[in-house]
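Same chain, two partners: chain A is paired with chain B first, then with chain C.
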Partner chain A sequence: MNIDELREHLCATYPDLCPLFSIEFGDGVLIVDRGRYWSAAKDLRDLGFDRLGMITAVDGIDDFEIVARLTAREIGAHIFLKTHVPRDEPAIETLTDLWPAADWQEREVYDMFGISFRGHPDMRRILLPDDWVGHPLRKDYRDERIIRRPDYI
Partner chain B sequence: MALVDKIGQSLTGAPLVLTNVDALIDWSRGQSLWAMPMGTACCAMELIAASFSKFDFDRLGSFPRPDPRHTDVMIVAGTITRKMAPAVKRLWEQMPEPKYCIAMGNCAVSGGIFYYDTYSVVRGVDEIIPVDVYLSGCPPRPEALQDAVLQLRELIRSRSIAQGREYDRVYTLPLPGGERAGTTDPGRAEAADVLAGRRPKTGGDE
Partner chain C sequence: MAIDIESRTSVYDEEGRAVEELVLNVGPSHPSTHGVCRIIAHLDGEVVTKAEPVIGYLHRGIEKMAENRTYLQIVPLTDRLDYVGSMYANWAYCRAVERLAGIGVPERAEYLRVITCELQRVASHMMSIGSTGADTGAFTMFVYAFDVRERVIELFEALTGSRLTYNYVRPGGVAADAPEGWLDDVRRVVGQMPARLTELDRLFFGNTIARGRLKGIGVLDVPTAIAWGASGPVARGSGVGWDLRKSDTYSLYPRFDFDVPVGERGDAYDRARVRLWESVESCRIIEQALDQIEPGHVKAPGLPRLLKPRPGDAYDHIESARGSLGIYLVSDGSPRPYRMKVRSPAFCNLALLPLLAPGHTMSDLVVILGSLDPVFGEVDR
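Then we have the complex of A and B:
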């Protein structure tokens, strides 16, 4: 399979997403809704995306965006798989059953954003101490120990 | 109190040195400051460089020893996070007396570049353990660390083994005594107020 075939295949599988999907220069973005996140990830893995580079999250105030970067080494393509998670119910399926590398990445997302991953084998904090209160990369995080930088200009 | 009070000749003609026990003990303590290398961030690179052949700390008797029970001075080189702080304190408590601490680099002195807008960094290792020598720089060069060890040696010689006695010493660099220089920083005062509950919280994005 080369990149053109991959694009055709993905457009056939996700026709409503086809306008959103671009894979110019070998990099693509695929935004799916929450219910299809795991199955889309599984499709991509079966298509040859054998490497999970990273999983991270973005706090978009209204909701969180999960970003997973996948690489198909044979085809030479990268893809960003994205989905949105609502703020009042921050949970999503785990990808650890597809790529074991997702384990620590998802723990970090949990630590920093408080998004829990259903089916993760070991869902606890990874960087901060276990008794930490709050998730510091959330935009609404408050911590009395933070000293604000004064305005010098 | 000088180490050597008098050099003379004994009755038998052999060279003779007169001194006192206090000075001898202080002198010998300063000569072999085995270091506990508490390297947690980039400053540790300079700490490592200091012990290899170019700078060669061994010749000053300062020898890295990764076992707190064998060491005299803890060199805190790097950022101390809130998660690391209990481990630092625990290692410090495992060191036998007499023990000393050198805070190496701005992070260990005051939090350095992580002083503002950070949720995870301890603002200076002196919030958890007592510090004898503060060494600024980001990172300080190995020569500066060498100087810090020599300063610490002077400090050790100025303390008597008898409790509460100090000898007059002239330091080439001023050492913070009592109130430290950083206490006048409005940010630090604010932090102390917030921690003590004297001031409302001002954290995060307002």
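Then we have the complex of A and C:
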């Protein structure tokens, strides 16, 4: 299924999600509000997106962007589901009840960005030691052991 | 939040007798854990009741380091992700950069990428099958499989100068054209390979002891495999015929005729055997690529020395020996990526261990871990 067919398929089933759909570098992107995140994910799952490839976050300075990549194997389509999480209240619903694959990936996001996932069965650090201070992939993370590479480029 | 390890918990069996649950720490650097992984195994007698992998011992913060390097300086970092299959991470990263910066790749470079990555698949699968042999006590298998792997590594040494971290695939092409006579060497080595792989199949997978140790161990059913995001031979061993080279075809794969082997029962035996037959299919692909490859450039012309992709984000993925390996890049228009995320198949497949292990004995836990084929450079990043 190509990207235009995916758009039609999505718009026919969920007209409210249609204006949120865009195409970026050949991939379908759906940007939703934080409140609509879980239900949009569920709608996409019901649409045939049976596989959660990746969940990650990007520190956008003002807020965090959650990026989930979903795959529908039957119709051969991929989509990005994105939402924004405010910096002062970094929390969002978990997707583990829709796709158990989210389990470790959301733990990693928590570990690296300090975004907690409400309803996650086991919300603790995964890659870093339990007593680590801070969340390294945040842009404001400071550690005196980090050596900034000189700008010789 | 410390991990709660209660080493002396009383549990009661069916007849009401108090029996003790033993908590055994396997690792972090036990040889059977295939890397630096710790498994907290709860045992009832010899039977595993719960297994919890503890990972992160090899975490080097590659995603953070990438934010501090230019696009070209990141390529050697990706070598260190999956150090058994460096070519894959190179290629996945370069595809993401090419998509982000809109770079086209010359055809000869694509052919060289396909040839090296399919050779890499053979080498990586031989590592996995060999260590499955070592896990089950068949050390002969380990030596035979490493003999096949060595032929491939020698080819890579001639091509790139190194045996483990190749740094060969670059944005816009490959580092250098194949040296004179290298493609003939590939043809010679690959020509001998199917016979050797068939020999391995008879030697190991036909062996009664190997069958006894592998069949029915760690059965993964299809709905679980899909819901947990399993990919690669782990998913295909269960019968999920999902291979990015076919279903989401990229590069030159539509030009090649090959099959995607799938298992039936989803046990450790099927997962290991799928790897073997995938290696045979890789040899078919390489031979077709060798027939089709023509002289030409191996680098996109007019590439700037310093890549500054336009702001935006891009994701691209390839089918690595472990599954769907994706790189997600966010650019802010500067020479360094704003964010790089590695979607690691080994990480997602390892998450299945707590599901597969309970009910099997301690010695089978090692086999199940081996059948998931984790490489901890990629799990921990």
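Details
Keep this in mind: the second predicted complex is superposed on the first by the 127 of 153 C-alpha atoms of A that agree within 3 Å, B and C clash if a C-alpha of one lies under 4 Å from a C-alpha of the other, contacts with A are read in each partner's own complex, and residues count from 1 in each chain.
Criterion: a contact is a pair of C-beta atoms (placed from the backbone, for glycine too) under 8 Å apart; a residue touches a chain by one contact, two chains touch by 3 or more.
All figures in this text were calculated on a predicted structure; none of them were measured in a lab.
Of the two partner chains, chain B is the only one that A:142 touches; chain C does not reach it. In the superposition on chain A, contact is made by A:104 with chain C only, not with chain B. Of the two partner chains, chain C is the only one touched by A:27; chain B is not.
Look at A:73: by the touch rule set out above, it reaches chain C but stays clear of chain B. Between chain B and chain C, C contacts the larger number of chain A residues. In the superposition on chain A, contact is made by A:150 with chain B only, not with chain C. Applying the stated contact rule after C-alpha superposition, one finds that A:129 touches each of chain B and chain C.
By the touch criterion defined above, A:58 lies against chain C but remains apart from chain B after alignment on the C-alpha atoms of chain A. When both complexes are aligned on chain A by C-alpha atoms, chain A residues 127-129, 136, 148-149 touch chain B in the first and chain C in the second. Residue ranges of chain C in contact with chain A, taken from their complex: 1-3, 55-56, 59, 61, 63-64, 68-70, 99-100, 226-229, 242, 247-248, 306, 312-315, 317, 324, 326, 328, 330, 335, 338-339, 341, 343, 347-348, 350-351, 380-381. Taken together, the chain A residues at the contact with chain B in this complex read 127-129, 136, 139-150.
Across the complex, chain B meets chain A through its residues 82-83, 115-120, 123, 186-187, 190-191, 194-195, 201-206.
Within the complex formed with chain C, the residues of chain A that make contact are 24-27, 50-54, 56, 58-59, 67, 69, 73, 76, 78, 80, 99-101, 103-105, 108, 112, 124-130, 136-137, 148-149, 153.
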